[in-house]
Structure formats: structure tokens, C-alpha cells
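Residue numbering begins at 1 within each chain, and the chains themselves are lettered A, B, C, D and E in the order written.
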Amino acid sequence: MKGLFIISGLGILAMLAEIFKFKKILYPLVLVGILAAYACNFMEWNNNLNIPMFNNMIRFDNVALAFSGVILAVAFFWFILANDYFEHDHITDHFALVLFALVGALMLTSFSNMTTLFLGIEILSIPMYVLAASRKRDLASNEAGFKYLIMGSFASGFLLFGIALIYGATGSFDLMEIRSYISQANGSLPTFFYAGVLMLLVAMCFKVSAAPFHFWAPDVYEGSPTVITALMSTIVKTAAFAAFMHLFLVVFGKVSESWSMVLAIIIALSLVVSNITAASQQSVKRMLAYSSISHAAFMLMAILANNRGFASINAILYYSLAYSIGSITSFTVLYNVSKQDGNTSIEAFNGLGKRNPFLAGCMVVSMLSLAGIPVTAGFFAKYFVFTLLIGTSFKWLIVLAILTSAVGVYYYFKVIIAMYFKPAKEEQKFVVETSHILLLALTTVFTIALGIVPKYIIEIFG
Amino acid sequence: MLVGLLIIVPLIASLLVFFTKGKASRNLALGLSVVEFILSLVVLLQYKHNPGNSNLMLNCTWVESLGIHFAVGIDALSLLLVLLTTFLIPLIILSSFNTTYDKPNSFYGLILFMQMALIGVFTANDGFLFYIFWELALIPIYFICLVWGGEDRGRITFKFFVYTLLGSLFMLVGLIYLYNHTGFDTGMKSWAIADLYQAGKALNLSQQSFVFWCIFLAFGIKMPIFPLHTWQPDTYVNAPTQGTMLLSGIMLKMGTFGLIKWLLPIAPLALEKWGGVAIGLSVFGIVYASCIAIVQKDYKRLIAYSSIAHVGLIAAGILSANQQGIQGGVMQMLAHGVNVVGLFLIADILMRHTGTRNIDKLGGIRSMNGNFAVLFLIVLLGSVALPLTNGFVGEFLLINGVYQYGAWVAAFAGLTVILGAVYMLRSYQSIMLGERRDSAIAFGSLVSTDKLVLYIICIAIVAFGVYPKPLNDLAEEGTKLIMMNLK
Amino acid sequence: MIKLVALIPLFPLLGFLINGFFGKKISKGLSGAIASIAVLASFVVALLIFFELEHSELKSHTVNLFSWINSDTLKIPFEFLVDPLSSWFLLIITGIGFLIHIYSIGYMHNDEGFARFFTYLNLFVFFMLLLVLGNNYLIMFVGWEGVGLCSYLLIGFWFKNTAYNNAAKKAFIMNRIGDLGFLLGIILIFVTFGSISYGEVFSMASNGNEGTVTAIALLLFIGAMGKSAQLPLYTWLPDAMAGPTPVSALIHAATMVTAGIYMIVRSNVFYSMSEEASQVVAVIGVATALFAATIGLFQNDIKKVLAYSTVSQLGLMFLGLGVHAYSSSVFHVTTHAFFKALLFLGAGSVIHAMGGEQDMRKMGGLRKALPVTFATMAIGTIAISGIPPFSGFFSKDEILAHTYEHSPTLWFFGQVASMLTAFYMFRLLYLTFYRKFRGTHEQEHHLHESPKTMTIPLIVLAILSIAGGLLGLPEFWGAPNWMHHHLDSIIKIKDPSVLNHTKEWTLMAIAVLAAVATIIFAYMVYIKNQILPEANDEKLKGIRKLVYNKYYVDEIYDAIIRKPLDVLSTFFYKFMDLEVVDGIVKGVGSGVTGLSSIIRKAQTGHIGLYIFSMVVGIILILFYSFIK
Amino acid sequence: MLGLTTTQWLFGILSFLAIMFALMVVFTRNPVNSVLYLVLTFFCIAGHYILLNAQFLAVVHIVVYAGAIMVLFLFIIMLMNLNADSEPRKHIVTRIIAGVIGGVLLFVMVGALKGAEQLQLVQGGASQIGLVKNLGNVLFHEFLFPFEVASVLLLAALVGAIMIGKRDTNINEKETINN
Amino acid sequence: MLNGIPINYYIMLSAVLFIIGVVGVMARRNAIIIFMCIELMLNAVNLLLVAFSTLHNDPSGQVFVFFIMAVAAAEVAVGLAILAMVYRNFKSIDIDLLSRLKN
């Protein structure tokens, strides 16, 4: 709760920094602020006095806290990654926007009312539109921002329509009430309520970029500045999944029969489309975009398993953490590599194993993790999903997932092969700034540690 | 505790080696692997002294809520394979002394890391742990092949990796499926092998068949069994010699070992229904691979195919699921491990001394170096399973076991006795005998390390052919255990 | 003493090890001496054991060394069996082995592979002894394969010559074919009786059912076919003459090739139980005898003639086995060992004198130059032709007599075969030693009698060939058939049939007359009208051409086995493996990438399309959920 | 007349007009016109609000949309001086497809939005919920938090708009390459 | 006021308006028109919400509409800013021209 306030406060501070001339200390200030927010999260852990609040507009229960913890941690890493991204004019605006986006993300972990859901999504999205387009001279960036904007607002149209229908059926925006209403009504709900649920499903699937609502993602990811892409594929995704999970596990879990099959088909579609399309990508950045779609599909599987109790939530939490850390690593490497000769194509990685063994090593670990090879975090993430799903009637999805993830291995390993097997254009080594080295070391260790001792995350909710 | 040490030592060793440079790393690696070998001998003594020794069991919880334990233990079977591993790794390292690899520290580090994973696979008593080690073994060999491999290694190693990974993922599904059926009585799901056995036996035929094929796929690819083998020859040929040795000498045994410990006891019903198909594939693979070996020109590729043939027989014997078959499988694993390493070393020596592995370009080396010819001959006899060589015991028991499954199957499988002689003698003749070819002119006397390794291997071949009892008793004991679980 | 039976194979093993490791360092004389002494030592031990056994009540002793292979119910100890049969074979092997070792010292004295040769020879003796000593089928199999290996090594002894290497390889592989049958037989025995030790198996044999026993008998016989060069697996033996002549004498005449007979005599129970199996053995035997004999008629290579005669003699022995005349066959094995070894060694001495020439068309008139060789060889020839009182006559006659009891037809063919034998053997004698010399001048100049080391063994063997018959004088002469009594204890099921004396006398008479007649015919052909074999092979016509080229059997095998195998292999490799199996894998790969390049086209970059897809998706979802 | 009450008449007329104008928005070629049609649509919707006793909302609606947002649109359009002939048009096929898809969507929606047949709107001036006082209460008690957060949203929008709109003082060209 | 109108009518009406908006988005290339169509969709939702709030006699529906308006305003502000920028760079706001990023 306090974390939310601290971050919004930081945002406003950032805005004022330009006027009151403390640009210089802004960066450390933000880092400290995030750590402070993190600390608050810790303190609120397990003391349930402060939920629900504001007549149950948001509730920071442990799940919410855990997810905000993930988001804040990743945000911290992201700021380290992005430090030199802010080294140009109106840095303050960027800070402000990112922080406001963070506020939205935190709201999505903790919302407990359709209003806060909607506002959260918009607060998260609108700054992202701007940030995607933040390279004003760069046509790709423009296009990315523009596409994101149009598609995003179009999707929120459906989101709202769904909310409206659900409101119409249940007469409330409060998730708890909706939930109790569903359980009382047991089955005698009007048809258009289900229509509303499905529209919400569609809107959320758009946000997490699942096929066939994924088309925006690759273009936007590719067009945006790399660091922003990193932001999208980590924080935005995690937040969106927190929201998705909250809606469809906690609230609509009882009516799962109305949406599970649809979701299953969406997952299957996402798996196939994303992995197969990624196989022939030349730009690593774009490849990562597609891979993020397939990971989304995996996380959706955990939701599909719709496990009462905490298993699904655990799985999603673990998965989003593993995935975010993994992609932060890979994006950091990508960022540094592409800084060398300015393109994100796979050729840029040729001979990296010689040019900068450290970067190459970290990239290998992150690729292994994303591909789901033991003992990296990515493996456990997939493993939990499988264990959840094998108990359900959707076993065929596992088989599909395995087949497609074999394809996944193909494109992840293309990078590794390029690094160790293809000769580099120019042999000379290049240096990486210390902050990034630290970041990479941290995330890499984290990735492996998560894989070796997953219990601290997986048993977090007891 | 001791068994824990068995796994830790190579891990530490690999880390240490990573931080060395140049010659130091290979010497260090050799030393440490020897230490590991001695350690395994200590384990052997402990086991002989008291099989139930608490030193030979280690079981600490890993992820309590998921019933995952870090449970490793030494029983007769695993002991044998651990010994094989720890015996071969020093030889493999020693055999590399005449080739200079760049980044030697990572090269030897990876080998030792792989040793850790292999020992883990052989000792794991927890399904999940088994899978983890299984995959861990894959990564170092992949990089060994990718970084130090031959031409076109990018594509080939990738094929190898995806192939095996796909298989093991299916195995994971099968295991998870079992895991999901554990603990109906206790209510606590568990990965412990005993519980998996129990769960497997409780399943009905169709469920067992699902599990059977899922798991069999992984092992079949690893060994490899006939239609799943195409990754193997390319990989063997392209990998650096030490990589090939690791792959064929030890890693291949993961599959056969898995069949014994992780498939037979789990799905008895499915074995009855589908065992025939599996055996059919393996047995066909024997003849198929042998025939292909006959027309090979590249000696390394020839060995690769011969290895498929041998493994086919091993698999058939194991799948026939009787005492002789399984025990023969175990014995043959050990024999094949030693022999194939010897053969690949010989291929490497040929390459180094003559610059070619094409058997048509080679010839008359015997007249240059009779000593080498004799050693070569002994290794060769071992792999054609001549009596009083280590290969024979296993092969006899295997054919015996298969015969008990079906006389005609055994007769067909027995063709390996003939075809094996055909391609082995043919290659030996055109490499060593006849008038000396130009390629052989440079063929001087062997380097001391090569000689040493070959001598050790030949001694092992003859010694365990004449007096296999020590190994054989262990194999018998281990097999009896499995047979009990099959009941 | 019997307890020390392990010494018998041990000595040659030691000889093998010493020569193997230090052969290059020590002098030729020494290594030759070591090898010969090793064999001599084991001969002595064998002799002692033999007599001890003669006097002991208990006729079979087992000596356990160590337990070899154990698998649950399958227990295979490394165990030796000393009984009349094995002890007799021990004597043959070590005795003749020793003579041939001595001979080789002279024969090989200027070969650079001298030490290597004796290494192999000792190793062979070791395995051969293992073969006959083993107390269970697997030990026999060990020796079985071991001698196969040694014959491979010795045939290809001059490894620079590709033809020799091919011969060696052929021998090994053909033996392997037989061995597979043998192995399966052993396994079937284990599966049926739960053991493979002779004692237990034979005691239980009676309660094995007819079919199984037949199967066992036939499988074992396949093994015998390979080792003892019977149809259709005989072709390796003539080629095996590539090896040094002492090898041909020891391995391919006296000992190894008789392993098949040993094995069948050993397992006589099965054959006595199964009439079908016995008939198969008999028919194959007589067929081989006849077939090989005909080929022998037109061979010009002196060793080839002897080789085919060996095959045909072995055929006779199997004929004997087929009619349950086990002791007679062993008897013939013995006598054959004597005179065939003699003949080979004699041929060796001839070749030695001719400076490596083996073609009889280039010889002639050697009896003056090589008196000892001539005399001994003449004795051998007479012995093999079955002229009384030489040894060959008794053994052969015994077999034929028993054959007649079972089937006169078989007897007839057997008789014909022995006539042919007599013919080509005398042809050999005439062409080699009579008439005038047909070789080159320097050959004629170099002609010389062989050294003592070579002639002494010849003489010894000659004596044996003459006196060998005493071992088995026919019963109906009132004389004791020693061999028969000796082996009595190991023949589990006795052959009841007995022949009346008049019949036996007639048979014997027919045999002798036939032999004499053929010899006279041979004399007519080669001495009186001085006929020479066609100088160049192309001129041969019709049946002679066919026979001369050994009925083209090798070519036929080439056509129906080797070529198809090659074709199949190439098909498997080039098509199945590279195209189909690997092709599928590759296909999947390229399929994915292809599909990928198609699917990515859907990502046109036009927002319009994205919106379209989204709306269509929604429509489908709603449709699926609500319009039912 | 026709058994329809005034309300129903009003509803019918307003709905008809709203749909008409909405269609015009989509199908008129000239952007300026479609803006104006959209304004008209909004007015009709405002009418509906009044019918539904949401008077305050109706007023706000007019003010915000017609007054602010649409003006913004017009402003932009003028800025770019777009007009009928500069207007790009999708291919006729595409437009037909769009129409068809719209039809299908309507069809499935009709199918999906069943279940409210029995529900009647609670009528009569009794309903006070639409009044400022009432709404204010709800807004500042129940919805206080969203209200506050909305300010963050607006701030974000503000900052974003400024950042996009403002000319860069120094463009370091490095960033224009797409990484 | 006077007697009632079935809620269904309102649902249908807003559905129709919403769909018209969707069709507009699909059928036009001019980014600004597309934007307006999205606004139309939002208004359809607003109408629906108000109708429901009257149905349930519950003000929160109408309050929600305020938030939607706020968000709409914000979106339009940002959106038009981006549009202006795009126009500056591309000299057009035809969405079909913005297809550099694809495949």
C-alpha cells in the first residue's frame, strides 16, 4: 500500500525535478525510493490489518504484495539497465512516465474493483504509449507508439463493454460482491454476463498478447527503444498477468467452464504461432517479442489449470519472476551488443563468445532459462505449469507445449550458436560499463539460484 | 555421505579447473578425476563390506511441498555404472593429452561437470532429481561438441540437442504423470522412486502405455534405438574425440540404465503389451546398423553404427525382462563402454598419425607398428565379443535372454555375431594389413599416453573376459533386485 | 595327477605369453625351443593322466578352477573334465602338436615372423586343449572360438598378401556362421535343461522331448559344419591353405577341423535320441565326402588336393557319426590325424625343396632328391587309400561297415568317395615323385632333402600311420577293438545292430578291391600313358572345367550372399538412413522453418489487419460460446 | 398513439438519430463532417441520458465531449487541413468485408446479450441517483481512491502529451537508430 | 418519468453503436476518424452503464462513466499528440502507410 504511494510520490517528484533543479540526484533518489517501497512491502507482509481499504477499492493481501514485490524488484533491475537511457533531455519526463506506469502496474496487482482495474490498466498503458513513441525522430518508434495506442484503446473498448455487461448482471463493480453474487446465483446468471466475462477475457488476452490478439506485440516491441521493450516484456507483462489471474482465478474461477475451453484454444494458438514465427526471425529483439508471446501462453496454462488453493498463483508468480529476470538479462546483453554496431540482428552476436565472454556467458544462461533447461529458473517455471495441467483434461496442451518448445530451443540456440560458432565481423573485444556487469552478474546468479532453490518462491503462500 | 562426495568432488573439480590456465588445467583435471576414481573404489569397498551402509545413501529434502528430495544412493547397478564412469573419465582425459584444445580450462571443466551429472543420473533415487541430472549431462556435452567440434558442428550439435531434449521432455511428462498418481494413500505426492514404482503398477494398461512410450522415447533417443538414431553418427563424427568417447562410452549408458531402473519396474503391463514392438525395433536396429557399418568408409562413422548395433542388442536383452537379459545388458554396458572408448581412441590415433580416417586410404600399418596392431586387435576382439574378452559374457547372456523371449528373435539378433565380425575384420584388414600405403609411411611408434590408455583398456578387456566374477556378481545382485520389482 | 590337468593348457599358455612378450628379444632357436617344450610338457602330463585314467575305476573326473559366469539359475563354472574322450584327444593334440612344432622349427627357420608364428601356434594349442577339456558347452565354445581366432591369425600369417588376408577373413566369418548355430544350441540346452554342464545335461537328456532334442542336435551340428568344413560351409578350408604348411597340417587336418566330430561325439546322447538329426548328419557327411573328393580329382595345387581330401575324409567321419558309430569316427579322426598330418608335412617338405612351388604340374621325379619325404608320403598315401594293414584301412572300413548296417545306399556313396580318394592321392604321388622333373633349372639345382627337424616328425608320423590300425582291430577278427572299449563309457546309448561276419568280410573285400583297382587305374593314367593335367586352365571343357573350378561354389556364394548383402547395406545406408529416416527429421526441420516463413507473412504490419483478426477472434469466441 | 408512450417515442427517435449519425460518422468521406456527425451522435446520447434520469451526466457529457474533445479533434484536423479529397480510402472490398464482419458481430452479439428480457427499467421521478449531490457523495466516499488515482492518470497523460509535443532542444542522433 | 422501456432496448442500442464504432475502426484509414470511432465505442459503453445504473438504481454506474470520460480525455490528449508527431514525420496519418514494422 505505502509502496504505491511512494512510487506515485516519486513520479510527481520526478516531474518537479526539472523545475526545482535536482535532476542530478533524481536517479539515485528513484533507486532509493524503489528500495523503500520494497521495504514497505516487506513490512506489510502477513499483517492483514490494512486490507480491504478505501471501501475495498484495492486490497494488498499477500498475493498482491508478492506480485508487487516482483514488479518492484524487476523495476529496480530495469532502472540499472536503463541508466544511460536517461542521459538526454527531458529525462524527468521519462522518469515520471515510467514511475506512473509503475503505479498502474502496482494497482493491477492489488485492484479489487472494476474501477481500479480499468484505471490501473490505463495508467499503465498511456505512459507506455508515450514511451514506445519516445524516439521522436525515429519512424519505427513513432509507428510502434501509434500502433500500440490504437490497438490498446480499441482493446479497452472491449474491456469496458465487458465491465458494463458484468455490472449490468451483478449490479456492482466490487469484485468481492461480484464473486459472492456468482456463487449465490449458481448458474442462474443471465447470458450476457458470460458475454461480459468473455469480453474481459479478450481484453486481458490482448494485454498479455495472446494469439490471435497478439499482432501488436512484435511490431511494438521491435519499434520501441530496447530498454522500453525490456520494460514492456517484464513489468507490463507481470502486471497484466497479476490482473488476469486475479480476475479469472479469484473472481470468475467458479464459472470456469464458460471460459476454460476458449482459453485453451487461445493458448494452443499462441504456442504454435509464436514459436513457429520466432523460428525464422533475424532480429533478436523481435525474436524475444515472439518468445514473450509463447511464455504468456505458458502462464495462461497455469490459469487454465485453475487450481483452487495457491498452486496456480504460485506457478504464475514463479513463472513471471523467472521470465522477467531472464528477459532483463537478455535485454541487457542485447542492449550492449546492439550498441556496438547499432543493430539487433542475430549477426550482431556472432563471435560474442570471443569478443566478450562474460556477456556471452550471461546470454547463454538466460537463453537456457528461457528455453526451460534445468537447473535454471525457466525450467522450474515450465515444470510447475506441467504439474498443474497434467491433472486436468487439457493434457494435450502439454504435448503441444513440448513440441513447440522444441522449436523454441531452436531459436534460442540460434543465438548461442552464433555466439560460439559463427566468426565475428570484427574480433576486437568491447567493454561493458560496471553497473551493467553487476546487473548481469546479479540476474544470472538469481536465475540459477531460483532454479536450485525454488522453494522460497514456490512455498511463499504456505 | 560418501555418495554425496562422489557427486560433489567432480563439481568442485570442474570449478577449480575453470580457473586454471593451459597445461595446468589438464593435469589438474586428470589428477582430480583419478581422485574421484579412488573415491569410487572406496565406495566399492564400503559396499562390499556392508551394502546397507548409511554412507551409501543420502536423502535430504529439496522442495518439501512438491515431494522433491535430493535422494541419491548406491545399489549394485548404480555402483557398476559409477565405476565405469569414474574409470573411463581419467582415460578420456588422458587420451586428450596429444591434442591441444583452445580454452582447455573450459574443456576439461565441462568434462568434469559432465562426470558429476552422469554420476548423479546413475545414483539418483528421486525421479525429479534423475531428470535434472539427465538434462545437466546434456548441456556440457553440447558445448563440448559445439565449441571444439568439427565442420558443420553448429547444425549437427543442434540436431543432437533438440532430438535428445525433445525425448527427455516427454520423459518428464511421463514422470510427472506418475508423480501425479502417487500418494493416494498418504495424500502426499512424492518423487521417491519407490512411490513412482508403486504408482506405475497401480495404473491400468492404457495409462501405463502412455507412460511407457513417453519414457521409452527419451531412452530410445539416448541409446539410440533404430528409427531415432539419426542424430548419432553425425554427432559422433563431428564431436571432438573426447566428446565422442563421453557420448558413446558413458552417456549412451544413461539410456540403457534408464530402461532397467526407470522403465521396466514402472510399467509391467505396458511392457507385456508393447515390449514386443520395442524389442522388434531394437533387434531390427542391430542388423540395420551392422549392415550400414559394413559399407562405411569413415572409420569413426563405422564405429558409430557398430555402437548402434551393440546398443540394439543391449536394449533387446533388457526389454526381454528376464534375469539373463538384464544382467547381460549390464555386463555389456560395461564392456561396450570400455571397448568403444578404445576404438574411438584408435580412430583418433589413426587420424593423428596418418591424417585420414578413410579406411580405403589406410593400409599396411601393421608392418609399421606391430605393437599397435596387437592392441588394436585385442580391442577389436573385445567388441566382436570373442570368448575370454569382456564382450563375450554380456553378449552370451543377452542372446540367452532374448532367446527366452523368442527363439527366432534371438536368431535374428544373433546375426550381430556374424555381421560384427564382417565389418570389424574388414576394417581391420584394410587399415592394418596388406601392403603399406603412403598414408602409413609416417606412422611411427605411439605416444606414451596413447599407449598407456590402450594398455589399460586391453588389460581390462582381457581381465574381465577371463574373470568377470567381481562385476558379474554385482550385476547379478542388481538384476535380482530389479526382477523382484518386476514381479 | 588328474587334479593337475590344468597344467596341460597352462604350458602352451605360458609358451604363448613368453613368446608373445619377449619373442622379438630372444633368439629364434630359443623361442622355437620354448614353444615346443611347452607342448611337449603338456603331452607328457596328458600321457600320465591318460594312463592314470586307464587304471582308475572312475572314468570321468571334473576339476573345478573358478566360477566363471553366474546368472541366477545359469551357473557356468570354469571346469575341466577328464574322461576317455577328452584324454584321448589331449594325446592327439599335444602329440601331433609337438611333432609339428618340431617340424616348424625347420620349416620356418628363415621367416622373420618366426617368434610370432610360435606364439600363435602355442595359443592355438591352448585353445584346442580348452575345447576338449571343458566340462560344459560354454568352455567348449571358448576353445571353439579361440581356435577359430588362431586359424584366422595363422592363415593370414603373411599379412602383406591380400589374398591370404581374405582367406583368413573368410575362414573366421564362415566359422562364425557355424558358431551362431552352436551358441543358439547351447542356449537352447540351457533353456531346456537349466544347465549346460555335460554331466547334468546328459543325465537329463532322456526327459527332453523329441523335437527339442532334434533342434539342439541340429543347432550343434551347424556349429560342427562350420568348424569341420562340411557342406555348405566348407569353402573356407581349401582357401585356408594360404597359411604356412605346418599350420595346414596341425589346424586344418589333424586337430581343429576335427573339433566338430569331438563335439558330436561328446553330445552323442542327443544324436542317438534323434534319428532325424542323425540322418541329416549322415547325409551331409556323405555328400561332403563325395563332393570334395570329386573336386580333389582335378586340383593341381598339391596342398589344395590334400585340403579337399581332408574335407572328404571329414565327411566320412560325419557319416560315421550319423550312423552312431562314434568310436569308429574317433578312430578315424586319430588315424586321419596321423596320415593327413604326415601328408601335409611331406607336401611341406616338397614345397620347401621346390622353393615355394606348389603346382604339381611343375614337379615330378622328386623321389631321388627327397627319399625320406617320398617314402613317408607313399606310406601316408597308401594309408589314406585304405590298403590293409595300414591304419586308414581299419578306421575307414569300420565306418563303412556301420554305414552298411543303416543304409546300403549311404555305404555305396561312401565307398565311391573312398575310391576317388585313392585315385587322386595316387595321382598326387605319381605327379610329384615319379617321371621326370618338370620345374625350372635352378629349382632342380636347389632340390635337397629337408633338415632333420623336418624329416624326423615325418618318420614318426609314418610309423604311426602304419601301426595306427592296432588301436581298433575289427571285433570279428576276434581281436579287441581297443578304441571301442576305451570310449565305451561315454557312449550313453549303445547301437544294438550287429552285422554277421560274412557280410563284413565281403564289405572289406569290396573295399580293398575297389581301392586296388583305382590305384591301378591311376597308374595306367599317369605312369603308363604319361598323361599330364592341362597346362593352362582355360582350355578345360565341360564337366572337367566345372569340377576344376570347384563347381563355382565360391562364385555362387558371392552371387547369393556377399553381393546381396552389399546391395542391402548400401540400400540401408544410402536410401533408408540418409533419405528416409534422416530425411524425415530434416523434413520436420525445414517444414517448421517453411511454415514459419508463411505464418510471419500474416504479420503484414497493417493495423487494419490486426483489428480485423481481433474482431474475427471475438466473433468466433462469442459464436462458439453462445450460438449452439 | 400506436400505444407508445412519449418516452418510448423519444427513445425510438433518439436511438434512430444516434444510429443514423453514427453511421454517417463512419461513412462520410470528409473528416470535418464526420466530426460534426459525431457531435450530433453525442447529443443524441445526451438525450438518452436525460431519459435515464442522469441529468448531471448528460450535461457533463456535452461539456466534455462536444465541448472539449471534439474541438480538439477539429483543431487537429484543421491543423493537418484534411479534407474529402486528401482522405485516403480503404479498398472497396475491405470496406465490404468490414461491413459484413460488423453484421456478423451484431448477429453474435444479439445471441450473446440475451438474458435481460424480463428486466424492466425502474421508472418514475423517484430515482434521484442522477443528481449532482448524490453522485458527489458516491464519488467522494466510495470512489475516493479511484478519483485520486485518476489525477495520476491525467498527470501522466499531461506529461506524455508535453513530452511528445515539445521540440527536442538537442537531438543526439545516436538514438534515432532503432535499438 | 413515464412508463418503462425494456433494458434490452438499451443493450441493443449500445451494442449497435459499439459495433458501428468497431466497423468504423475497421473500415477507415484516417487515424483521426479511427480515433473518433473508438470514442464512439466508449460512448456506447457509457450509455450501457447509465442504463444499467438506472436499472439497478445504483449511482456507481454513472460514477464509472465519469472515469471513462476522464480516461477518454487523457487518451485523446496523448493520442492526438502522437498523431501530430506521426504527421510531422510521415506527412500523413494514413494507417496503411505505417507498416514499416512487420513479419
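FYI, contacts are C-beta pairs under 8 Å (C-beta built on N, C-alpha and C of every residue); 3 or more make two chains touch, one makes a residue touch a chain.
This is a predicted model, so every value here is computed, not measured.
So if I look at the partners of chain A and the partners of chain D, which chains show up in both lists?
Both chain A and chain D are touched by C, E, going by the contact rule given at the top.
Could you tell me which chain lies farthest from chain D when each chain's centre is the average position of its Cα atoms?
C
Which chain lies the greatest distance away from chain A when centres are computed from Cα atoms alone?
Relative to chain A, the chain whose C-alpha centre sits farthest away is C.
Once you find the CA centre of chain D and the CA centre of chain E, what distance in Å lies between them?
5
So how far apart, in whole Å, are chain B and chain D when each is placed at the average of its C-alpha atoms?
Centres of chain B and chain D (C-alpha means) sit 71 Å apart.
In angstrom, rounded to a whole number, how far apart do the mean CA points of chain C and chain E lie?
98
How many Å are there between the centre of chain C and the centre of chain D, using C-alpha atoms for each centre?
The computed centroid separation for chain C versus chain D comes out at 103 Å.
Two or more other chains touching the same residue: where does that happen in chain E?
7, 11, 21-22, 25-26, 29, 35, 51, 53, 55, 58, 60, 67, 71, 74-75, 78, 82-83, 85, 95-96, 98-102
For chain A, what residues touch not just one other chain but two or more?
115, 119, 122, 126, 129-130, 133, 136-137, 140, 147, 150, 154, 165, 168, 191-192, 194-195, 198, 218-219, 222-223, 410
Note the residues in chain B that touch 2 or more other chains, in rising order.
none
Are the chains arranged, by touching, as a line, ring, star, complete graph, or other?
other
Among all the chains shown, which pairs meet the touch rule set out at the top?
Every touching chain pair, ordered by label, is A-B, A-C, A-D, A-E, B-C, C-D, C-E, D-E.
Contact residues on chain A for chain C in the complex?
Of all residues in chain A, those touching chain C are 147, 150-151, 154-155, 158, 191, 194-195, 198-199, 201-202, 206, 212-213, 215-216, 218-219, 258, 261-262, 273, 276-281, 407, 410.
What part of chain D is in contact with chain C in the complex they form?
90, 94, 97-98, 101, 104-105, 108-109, 111-112, 114
Quick one: in the complex, what on chain A touches chain D?
It comes out as residues 8, 11-12, 15, 53-55, 57-58, 88-90, 93-94, 96-97, 100-101, 103, 107, 113, 115-116, 119, 122-123, 126-127, 129-130, 133-138, 140-141, 165, 168-169, 189-195, 198, 222-223, 225-226, 335, 338-339, 342-344.
If you look only at chain A, which of its residues touch chain E in the complex?
Residues 114-115, 118-119, 122, 126, 129-130, 133, 136-137, 139-140, 142-147, 149-150, 153-154, 156-157, 160-161, 163-165, 167-168, 171-173, 192, 218-220, 222-223 of chain A touch chain E in their complex.
Help me check something: in the complex, which residues belonging to chain E touch chain A?
It comes out as residues 7, 11, 14, 18, 21-22, 25, 31, 34-35, 38, 41-42, 44-45, 48-49, 51-53, 55-56, 58, 60-61, 64, 67-68, 71, 74-75, 78-79, 82-83, 85-86, 89-90, 95, 98-102.
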